[in-house]
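So that we are looking at the same thing, I have put the structure below in structure tokens.
Chain lettering (A, B, C, D, E and F) follows the sequence in which the chains are written, and residue indices restart at 1 in each chain.
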Amino acid sequence: MSDWTTHLLIAPVVVPMLAGAVMVLASDRWRWSPVPLGLASMLAQVVLAMLLLAAADQPAVRIYRLGNWPAEFGIVLALDRLSALMLALASVLGLAAFVFSLARWQRAGVHFHPLLQFQMLGLNGAFLTGDLFNLFVFFEVMLAASYGLALHGSGTARVRAGLHYIVVNLVASLLFLVGVSLVYGIAGTLNMADLAQRMRGIASEDRAVLEAGLAVLGIAFLVKAAMWPLGFWLTGTYSAASAPAAAILSLLSKVGIYAVLRLWLLLFGDDAGASVGFAGPWLVIGGLLTVAFGSIAVLASQNLSRMAGASVLVSSGTLLAAIGSGQVRVTGGALFYLASSVLAIGAFFLLIELVERGREVGADVLAVTREAFGTGEEEEDIDAPDEVGVAIPGTVAILGLSFMTCALLLAGLPPLSGFLAKFAILAPLFSAGAAVTPMSWALMAALILSGLATVIALVRSGIDVFWTTPHSAPPRVGLIEFAPIAMLLALCIALTAAAGPAMTYLDAAARSLHAPQDYVQGVMGVPDPEPRRAP
Amino acid sequence: MPDGIVLACLVGLPFVAAIVAGLLPTRARDTASMLAGAVALVCLGLVWSAYGTVSGGGVLRAELPWMPQLGLSIVLRMDGFAWLFAGLITGIGALVVLYARYYMSAEDPVPRFFSFLLAFMGAMTGLVLSGHLVQLALFWELTSFLSFLLIGYWHHTAAARDGARMALTITATGGLSLFAGVLVLGHIVGSYDLDVVLAAGDTIRDHPLYIVALILIVLGALTKSAQFPFHFWLPHAMAAPTPVSAYLHSATLVKAGVFLLARLWPVMAGTDAWAWTVGLAGLITMLIGAYIAIFQNDLKGLLAYSTISHLGLITLLLGLKSELALIAAIFHTMNHAAFKCSLFMAAGIIDHETGTRDIRRLSGLNGPMPFTARLALVAAAAMAGVPLLNGFISKEMFFAEALSATAPVHPLLNVLPLAAMLASAFSVVYSLRFIHGVFFGSPPTDLPRTPHEPATWMRFPVEILVLTCIMVGVLPAATVGPYLDIAARAVLGDATPYYSLAVWHGVNLPLLMSVVAMAAGVTIYLILQRRLREGMDGPPLIRHLDAQRLFERAMVTLSWRLARTLERIAGTRRLQPQLRLILIAAIVAGAGAAFVRGVGPGNLVPAPIDPVLALLWVVGAACALGAAWQAKFHRLAATILLGGVGLVVCVTFVWFSAPDLALTQLTVEIVTTVLLLLGLRWLPKRMQSSSAREPEVLGRTRRLRDLAIATAAGGCMAMLAYVVMTRTPPELLAQHFLARAYLEGGGTNVVNVILVDFRGFDTLGEIFVVGVVALTTFALLRRFRPAADSVELPEQQRDQLEADEARHARDDGRHVADWLLVPFTLTRLLFPVMLVAAAFLLLRGHDLPGGGFSAGMVVAIAIILQYIVGGTEWTEDRLSLLRPPAWIGTGLLLAAGTGVAAWAFGLPFMTSYFSYADLPVLGKVPMASALIFDIGVFVLVVGATLLMLIALAHQSVRGRRSTPRTLPQAKASPRVADAVGGGG
Amino acid sequence: MELVVSLGIGIVAGSGVWLLLRPRTFQVIIGLSLLSYAVNLFIFSTGGLRSGAAAVLARDEAGTLAQYADPLPQALVLTAIVIGFATTALLLVVLLAARGLTGTDHVDGRERDQ
Amino acid sequence: MSAAILFWAVLVAQLLLAAAMCCAVVRLLQGPRAQDRVLALDTLYVNAAILLLVFGIRTGSPLYFEAALLISLLGFVATAALAKFLLRGEVIE
Amino acid sequence: MTRLLPFPLVTLGLLILWLLLNESVSPGAILLGSVLALVGGGALWLLAPPAGRPRRVLAIARLLWDVLIEIIRSNNAVATLILRGPRSQAGRSGFVLIPLAMRSPYGLAALACILTATPGTVWVDYDAEDGTMLLHVLDLIDEEQWMRIVKDNWERRLMEIFE
Amino acid sequence: MTHAVELPLWAAIVVACLLLLGAFLTLVGSIGLLRLRDFYARVHAPTLATTLGIGCVLLASMLFFTVLQTRPVLHEVLITAFMVLTTPVTLMLLTRASLYRDRREGSPDVPPIPARPLPKDGAER
């Protein structure tokens, strides 16, 4: 453990931890600006995530024993490709939100910067930990910070939505605790790998209770992942939150997905004895229903923010259904989808704020009403009223282009990564020789119809925002606000271009998730550190 | 040149140029058009350069892996068929660019236009050159998307917006369907590679999923090619600038559908299902399109419906089980591109020069624009199928196929010859109307602009195209013959039948049909002429069948009203249903999982019931139920009862050997009570009477349901708890902790050693939660605005002020001081006592019950007590060293720093260190780094708890400052006020 | 003994759930508090109930489960108590803010019939 | 012998104390006024402290003493806060 | 000295508290206890309690003894009263307004503690201007007698100690 | 109660008596809480527990542990001290609150706010 590179593993936790704590102290005591420190921390996290992404690309899982205690009872961090992927996504999104907030949002309330750091702390910790209860703790860190960020800027809508968000998540946290304690009470361990090891040996009368615990745990995760009918809180909360907060929050639902992905494949894989594939069909059904509801919500959205929130639902549902199918290659595709949709939705949340800036309040509702009741009624004028186009101001053009990119990504239309992601999920289901089950058809229908719904809704509002009501004065958009959006979209494009290598990585990630022996062995098989000196 | 470069340039160059054009300044019309023209010409040249290869039956092919794991590659593949289309796209593209240069106004932001146009050209080329089905679907959607942008180019008009949206909605839907079809096809064949797919015809047609793939793919093709019942988007796409229509809606975009059908013809056609779907759709479209076209008053509308009709014709040809029909279809595709493009351009010229496209207003333009009139006349004649023009030849082939369609699958198809003649007659009618209505008759009056011939170069593309029509019409075999042959052979391969391209096949049935159709067309026009000139409100019989309106209605209903309704039904924005669902889900999941496998009590014998504990839990249960009962109208009572439950829980912890838990529970209990009371101040008075809002039955049902959920939840918890308590796993983590707590962790209080050492990472996270929550509450309270009815002083304080005033009492507030005299004295004396107790808990935590958290809570309680009795301002004057945020920061840093410090020794984060220092006088003193960690916890807890409580308490102070009648109080120390949220 | 504690957990949890489903914010916060008591006890109970077991180790000794209660659930409960306390405080502040901004103490920020 | 005496004494004492807590809780539920409930809660705290002391004797462990100590030192803060709330309408002014 | 040790009695008390808590009189405990006691004294100093310290230790001890006796006596009385049932207490409890001469806050606090700790009496209110105390008595047979008990038994002796 | 075996009989008897007495007094106090008629009467009842009730139990505890551990166990004294210091705070505030609430409701059972002569010179203060 003496090699300093091993400490890289915990650095994504320690960096925001120290940065946030120093910010709290320094900005209170010496009135330091938290910005330089925040930037340094965010950049450091991106660099660390990239390093870890590279380091994780190997069959063996890397572990870090906290307090130098052996894995069998201490808390360990475990880094595999999935963790590294999530870390990378979190750090990128965090950096984007941070930079974006520098223009305006950081001033909308106190303690924004430390909260952002703590949010990163929670996310990074949750992605790294290999311990069930520690996962709970980091969930709570993450949620606590997210409460603050969701409420950042205050205001009626935020507080109203925040209240629901908090209550729902508190209930979910309690369910989490119930689940964890049942697991401990039956299996006698909290270490995920150890639990996986013990799954096979659980006596059948105990197994019922253990499965009940895991089912309750699953509900807790699914609430966070916003599976229908557990996720109605999401749209309201995310749409009410400030743009940078919403961008970060959009990743939070993916933490629920991450937990399901990690635990479900770890615990109910081929080594799970009688529990193999536990509740898989329910994941698929729930996922499909979530996609359906998300699509409906996308269509029914009266404003872009709600639409963005609803597309988070669609993305969650897609992932759940894909994961629930229990096929390695589908999981690989789902991971690709995860990466693409996290980046796209993050960019979209940030973009909405810029797009809607300067539009009059209620314009959305008006536009919708106009469409619903006004079209087709006026006589068409074929005498070409004014066949001279309107020049679009540069700012609006750039925003429009970004909007289009987001729309393509979210709807999964070609040629960007959103399309590739859907293809990557569907292609294995329909690969030659694969048995095409009703589930495959349902998933295909869900992916395609949700894409269609997204297209319709986004085109409707895109036309409304960029075409119908010409911006008399283009919105004031700082470079610092646009840069993070551009970065996220550029990453999506990079993901599109480098889909092959990315898919190789993610396929490997999926394979090791589906064959968790390496993970289990990596965590549990490490020899004990030399015994402590006696007192 | 290597194949790869040619193909890549063909597809890539337009895209690169599109980006460049997009970056040009708004007014750079000439630069942009030069760029576009150059690119189109270069591409045309590239296509031509491939002639050598494809004419010999060769195929250009380039492959670049994209997602090889999933069999996805970029495969560019140019065979004769693709070559023909690529030539069409680039060649007509070049002409359209030239035309657009003159058509588009100088004021228009033209670079954007050319940018889109170039990108479209690239996408279209990519589509026809696709050697991979997924890639084809990709470019397919791209063409839809770019056509959306092009149609919506003049987005300031509602027509453009609606047309664009409709086109995108329909074609993107089709594209998604095609994508699905491609996936199914890939499943059937095992590859998406076109070459592989084209070699697997029998596999495909015999596969049980053939019909699914067919429907999905045909759906894509029909939508794209504006076939019935998806035809209606095309007329509305006429809101696009005319060059767009000339390019997209005659030659390229709409041809993508028939391209696809022809491309997959060898492997998918020939079945009844194919004939049914493709053939029938084509037949209906051909007739309906032609019929409606007659009654269009808009020139472009007429052309649009005519296009629909001709596309229907082509589709119909593709639907027949005949190789010759396929060849006819390809041929007609080319011919149609030539004459329809020129007609669109002519219509654009007319529009451009006169300012209107309304056939009813236009007349006699032959006078001012004779040359244009000649060109339009020839093109329209080609459209009508007049001999010696290209349209005639392909029409003759069509008639021949209609007659020889030997195996129609349905009696309906027996009417083919008749239908062909009818459609042909209609086309004569609308062609006549176009020419006669616009160029002949009385000289034009009352036009927006005075018409005259357009710029020479604007007419040039039309001239080229019309010339092509004539050349092909006169010398088909010499001009177009070889190219058609290349294309046909590329599709059909060895199955290519003999056919002859000639103007004169002798007097035969098709010729007769032509003559009849021609005569019928002229007759119909003569009959209708007067009524048409006066203007008919849409086509008779189906006048009211306005597809656009239906579509919009459907869209609004489905995608908006229905979606809203469904969202309301399937979702909720209210909290209670959400919680209900979550709880039900948890109960069902937990109980379901348990019962599915069957669950019973475990192996352990339950301990005998201790009557004392049972009585204690009678108290606990009574308190819990009481709290549930009272929380609505008697909040204070509920708070008190909650305290009762907490106390019972605390005693239970003691009972079962968990003193640490008891201490923590107790302190938390107290702070929570104070917290709730601080909150109660700002909640509205609730009276028992105002509950008659909803019908009693409804309310009772709702309550019964909630009662059921609550009972189920409680029951499940109880059951699970019992089941778990009565069994114990063979191997508990706990054994490690017990074995090592003292020997390796250096503490006898195992719980504390777990908290600060074994699982110190949890605790570290936990204190960050507390810190974060404190910061959040503080941030929220900075912006706190109490409800109007809570702003004023509580009635108790108002009463006191009144009483004091009425009695001319001493200073306001003295009475309060009197009541509090003794408590004040006592609590101040208790302050240091509590601090010492806290120090006691903190320092011995590692070995005995206690620890940083409970110690911190005790200090917080001690300070809160001073606040309660002494008041905010008094306390803060005295305890000015309270800076909760700084304490929070310090505590977090101390705890995290202890973790980091291990790095200095090359050990993992949070590795603890302990030893016993032998000090003089004191003897052996335990020194554990865990203690520093615990002190960090302590500092954090003090800071965080105080921050939350004080920030809440400060709301009263803030409220009082803004209330006129105030108790005179000493000014709060500004530092403290600032630190704890006096900011408002 | 186990029965008593189970029933206690059940009743407290049931009361909490009942309140959680009520429309007033204060009911919800009390409900959540009750529910977290129940859950804390639940966690605690999964380690098995040991009355009169030693709570701390004797010096220089490696403890075994025969003499001591399972300390791990206790540690978990401690963490859960602390986190529960913090979130209760936050919820309280949020419901006050909601009440201030919306003028009602209904959980949805608006009365149902409005 | 002494063990038996103590066993019964402790058991009876604990039962009496538990009964006392039941009395207090009846008052707590009954009210009728808020002050009655606060008083009952205060009583509950004191009874619990005594119960814990007896429990300490029962187990022979001095560790439960701290819990009783903490109740006696801090338990009143909750009730004092409640009383202050009744008296002034807010806990901290 | 006063800066370091503003309240010597309190500091001593805290040291004793510490030693009792730790159940140890080892040098380490005394040293640490002294430090903490000093810190505790400083904390109290921050709160600026009213001046005044008790004198005459013997009087305190005698007072405490009397209080103990009184507590035992009234425990018995109140217990009897409760057990005899509600009929026995008809109309016998009530308020007494007692003028006090004592002004020392510590004296008043001690009086309050004594009265409240004694079952049957509760200190209700105090008016600093008039120096009157409102007392509630459970077994109020004779107001005058109660006034005498309070003034003679407790107030006088407390004034000796605190004033 | 294996640990109590070593306790001498006399100590066991004393401890048992003290325990029973303390518990009994506490119970009586709580019964008083139920049986006494109004709040002002009830407020006296818990004092039984906070004085002799807890006192007896503390004595028992001290005796028990002192004899058992053969060293003086005195820290129970602290609880007594804390009880004496804290009970008045609660009860005074509570009774005063009750008095205020009863006066506000015009209850005849509580003394009214005592009349006070007009101040001689309002400006002085």
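Everything that follows uses one rule, which is that a residue touches a chain if its C-beta (ideal position, glycine included) is under 8 Å from a C-beta of that chain, and two chains touch if they have at least 3 such contacts.
Since we're looking at a predicted model, the values are computed, not measured.
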Common touching chains of chain F and chain A: B
Farthest chain relative to chain B (centres taken as mean CA coordinates): E
Pair exhibiting more inter-chain C-beta contacts, D-F or B-F: D-F
Geometric centre distance via CA averages, chain F-chain E, whole Å: 13
Chain centre separation (chain B, chain C; CA means) in Å: 39
Chain centre separation in whole Å, for chain E relative to chain A (CA means): 62
Length of the line joining the C-alpha centres of chain B and chain D, rounded to whole Å: 59
For chain D, residues contacting two or more additional chains: 14, 17, 19, 21, 24, 26, 34, 38, 40, 58-59, 63, 69, 73, 75, 80, 82, 84, 86-87
Touching two or more other chains - residues of chain F: 29, 31, 43, 45, 50, 73, 75, 78, 82, 85-89, 91-93, 95-96, 100, 116
For chain A, residues that touch 2 or more chains besides their own: 133, 137, 140, 144, 147, 151, 154, 159, 163-164, 167, 171, 178, 181-182, 184-185, 190
Complete list of chain pairs which touch one another: A-B, A-C, B-C, B-D, B-E, B-F, C-D, D-F, E-F
Of chain D, residues touching chain B in the complex: 11, 14-15, 17-19, 21-22, 24-26, 28-29, 31, 34, 37-38, 40-41, 44-45, 48, 51-52, 55, 63-64, 66-67, 69-71, 73-75, 77-78, 80-82, 84-93
Interface residues, chain F side, partner chain E - complex: 25, 28-29, 31-32, 35-38, 40-41, 43-45, 47-48, 50-52, 73-75, 77-78, 84-85, 87-88, 91-92, 95-96, 99, 110-111, 114, 116
Chain C-touching residues of chain A, taken from the complex the two chains share: 133, 137, 140, 144, 147, 151, 154-156, 159-160, 162-164, 166-167, 170-171, 173-174, 177-178, 180-182, 184-185, 190
Complex contact set, residues of chain C against chain D: 51-52, 54-56
Chain E to chain F touching residues, read off their complex: 17, 20-21, 23, 71-72, 75, 78-79, 82-83, 85-86, 89, 93, 95, 97, 109, 112-113, 116-125, 127, 130, 132, 134, 136, 138
